[in-house]
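Got a structure here, written out as structure tokens. Questions coming.
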Amino acid sequence: MTVEELFDQQAAEVERQNALENRIYCCTAAGCVSCGSEAVRKAIGEEIKSQGLTGKVEVCGTGCMGLCSKGPLVRTSKDDALYGGVDVSNAAALVSAPETLAPLRIDTSAPFFIKQKKIVLGNSGRVDPEKIMDYIAAGGYQALARACTELGPAGTLDEVKKSGLRGRGGAGYPTGLKWELVARQPGDVKYVVCNADEGDPGAFMDRSVLEGDPHRVLEGMAIAAYAVGAQQGYIYVRGEYALAIQRLQLAIRQAERERLLGNRILDSAFQFRVDLRIGAGAFVCGEETALLASIEGRRGQPRPRPPYPPEAGLWGKPTLINNVETFANIPPLIQNGGEWFASTGTATSKGTKVFALAGKIANTGLIEVPMGTPLREILFDIGGGVPGGLEFKAAQTGGPSGGCIPAEFLDTPVDYESLARIGSIMGSGGLIVMDSSSCMVDVARFFMEFCMDESCGKCIPCRAGTVQMHDILLRMTKGEASSRDMAILEELCTLLRETSLCGLGQTAPNPVVSTLRYFRPEYEMHIRDHRCPAGLCEMKGNEGGAR
Amino acid sequence: MSVVTLEIDGKVCTGVSGETVFDVAWNNGVKIPRLCHIGGLPNIGACRLCLVEVEGQKKLLPACITPVQEGMVVRTWSEKLIAHRRLIVELLFAERNHVCSVCVVNRNCELQDLAVELGLDHIRLRYQFPKLVADTSHERFGLDHNRCVLCTRCVRVCDEVEGAHTWDVSRRGALSQIIADLGEPWGESDTCTSCGKCVQVCPTGALFEKGKAVSEMRKDRGFLKYIVTAREKGQWIR
Amino acid sequence: MDPVNRKPSLATVWLGGCSGCHMSFLDLDERLIELAPLVEVKASPLTDYKDFPEVDITLVEGAVANRDHLEHIRTIRKRSKVLVSFGDCAVTGNVTGMRNAFSVPDCINRSYRDNSAVVVGIPSGNSVVPELLERAHPVHEVVDVDYYLPGCPPDGDAIHQLLVDLLNGRAPSSDGRRFG
């Protein structure tokens, strides 16, 4: 496909879609699928046939529409409305008279919708992830065209640097800087790797992007490859994401057929192939050096850095690794320019951030907000607050590497620095809400169990330290721990942070450290009084004999 | 190759560029503790016992893989480092079933040596008592997982020096285990050449020669240097 | 120790161990004769005490393996000014702790059913055999311990050094000590 053809195809597809009487978008992301959206989609399809509307009305599956708690979600173009809690019996109405379904209609002027700003999720719920023409109609691959024809590699890099975009995988390293490091490396062979090994408990941002808008990620990778001079890319996606894998495979095939990936991209000399590598269920493979080892076919274990992947990555070659969400930010960033991107967010954290709201919150689902949005706005205006009349206790960000944020910090703006200041991290976007029925010792124990199970076993502090920390936390929840255990627990926190080989071990104590910082009296009650203030832990007392 | 001058524990030391902090320290009489490192094998920086403080660096650096740099100021025995090392060794003792009193290398064991060097007289952590077995299917050697510290010296010597790659690690975290081939009994391994190098480099009694009773086994720590010297210089000298 | 000319008192206790540490104690040989006038031995596995006495120094051999041990060590701790974990079983669990990888019923069956040649059967009722704890504990997991003397068994010299240090009111030196 040439650049002209790209624009022609877009115009043609937009025209075709506009000519339809009704286009029905049925959410087929994992959340809605789990409450029956596939059946709804099928019923709508049959209904179109039986009403003789083929060619006039069309149904398509889309990625996540955000409000997962109200699934299955369906959007209709006829009245431009969103319906929730739909079932097969609504199919007929959705096809020809959606306005009759008023009770199911979701008010899209509610704070949940209007307080969000969608850049990464711009297409999610609006394009069919299995049809490349849908993506092209939405302006897809035009950013790649702009990079290749207008900006050139250096100009593309400049835009990314200007944007202030930082890595969305958690650590927040400036993306432009990373690209530049790779671009500057000598040699013809370089790699671009997309880290899609999302593994934090409660996090499903990357999965939603891959399932809902896979071409955007491919386009982002292609732009990156163009800017740094790579010809081969890998997407390392966890094996559990079967739907994402399937859609990525399809998207790669479609993009190659349209010459948007592969050789002579957009009829230029630029070539870039993308292959999938499927993870086998190890959290540690989200750590970049372990991920690279796994792609190379070796045991997925981290190695000490330096050298960093931009200098020596896959098979010793310069390698750019970015997270799914980072790549997903690239097409709109290049399309509209770095300055446009930088106009959203705070001084040091630009753009938006996608969060997966989970736990004790009314509107569980996928949201995207400008960086710097106060936590209170995210949890109470968008998230709808804590249901069931219970009180908000803490929010957990950053998964097992993150921390718990108590109510007193609800007005903290969500950006990299502010979260770090209060002992948590941005992380990849998991946001778990806890209410007064949650025991913070048990929360810390849960995350420590996760780290213990996921430790690769290479370095001693993480392999054996997480076991001991979990052992102590477990005994605390049973009322069998002493103040001496508490002292050792804190020693272990320091040990793991300062001596573990990789980020997983170094950050594993964070949930303990942050809950100790804000909820120490709760720990003390477990130890001294054998009492769990949340009433969650069953205290058996000191039967076993040990102190 | 240029000469590098640096300061280690207040002592001015010289090394050659490309050498590690660990090697230069030892050559200058500063004995940094270690477990996964053994001269002649590639370093992996995994045991974290050789972590040192380097001025101007926020993080502790593993001496075995940190190259020396001109003007570097290194501290190898600060209070913090000692506390970390003690706790790491405590973690090892508590992790598996190190019943030293019935071990073939009792009193000839690098793990015991570390405990003594760091002044341990008891373990404050809970012993985990995992249920582990010993593989005694090999004609001449045995592997007792109870005593394994997962330093992977055996894996590396088998792969890099013997070239057989019989050993590797299966599973992960605390469940990690050294396995022969794809988890076969050692005695049935197709790749093992029975050279015994793994047994000699093993810091504990995990890999042992059969027929030895408690405290009877001595490991030959010098053979690896012998092989490396022979390879590098063509001289078969000990 | 007591400033008013009273001889310091010593007790040695045998919990879940093989008595090897006590044998090693006897390996002090002629040094026992030197020590004898300096201490009053108030309790040992050879004295028939009904109630554990108040003592200055107690050496505890063995792991805490059953309910009797548990009760006993708690009393001992209360009545001892200085408590020493004496030998590897007390310090680490050692051989006594080797059963900890298995469940209590498995251990009992192995001992009294599978491996028993004469009287096959599990002793029960009236606590003739004290009930085993879930696991055998090193002493410091159960009560506070002041000093540790590792070794299986600790050799005579180490025991002698420890006693001389304690009798002179010093913290025991760790010169030449092994661990593990």
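Labels A, B and C are assigned to the chains in the order they are written; within every chain, residues are numbered from 1.
The rule is simple: a contact is a pair of C-beta atoms (placed from the backbone, for glycine too) under 8 Å apart; a residue touches a chain by one contact, two chains touch by 3 or more.
Computed from a prediction, not measured in an experiment: that's the story for all the values here.
Set against the Cα centre of subunit C, the chain with the most distant centre is A. Interface comparison, A-B versus B-C: the pair with the greater number of contacting C-beta pairs is A-B.
Centre to centre, using the average C-alpha position, subunit A and subunit C are separated by 57 Å. Per-chain CA centroids place subunit A at a distance of 40 Å from subunit B.
Note on chain placement: the centre of subunit B and the centre of subunit C lie 34 Å apart, centres being C-alpha means. For subunit A, residues touching at least two other chains: there are none.
Multi-chain contact residues, meaning those touching two or more other chains, occur in subunit B at positions 124, 126. Multi-chain contact residues of subunit C (touching two or more other chains) are listed as 135, 141. Residues of subunit B that touch subunit A in their complex: 44-48, 51, 59-60, 62, 65, 80, 83-84, 87-88, 91-92, 94-95, 124-126, 128, 149-150, 168-169, 171-176.
Residues 85, 88, 91-95, 97-98, 100-102, 135, 138, 140-141, 145, 147-150, 152, 174, 177-180 of subunit C are the ones touching subunit B in the complex. Within the complex formed with subunit B, the subunit A residues making contact are 282, 284, 299, 303-304, 452-461, 463-468, 471-472, 484, 488, 491-492, 495, 498-501. Remark: subunit B residues 93, 97-102, 107, 109, 111-112, 115-116, 119-124, 126-127, 129-132 touch subunit C in the complex.
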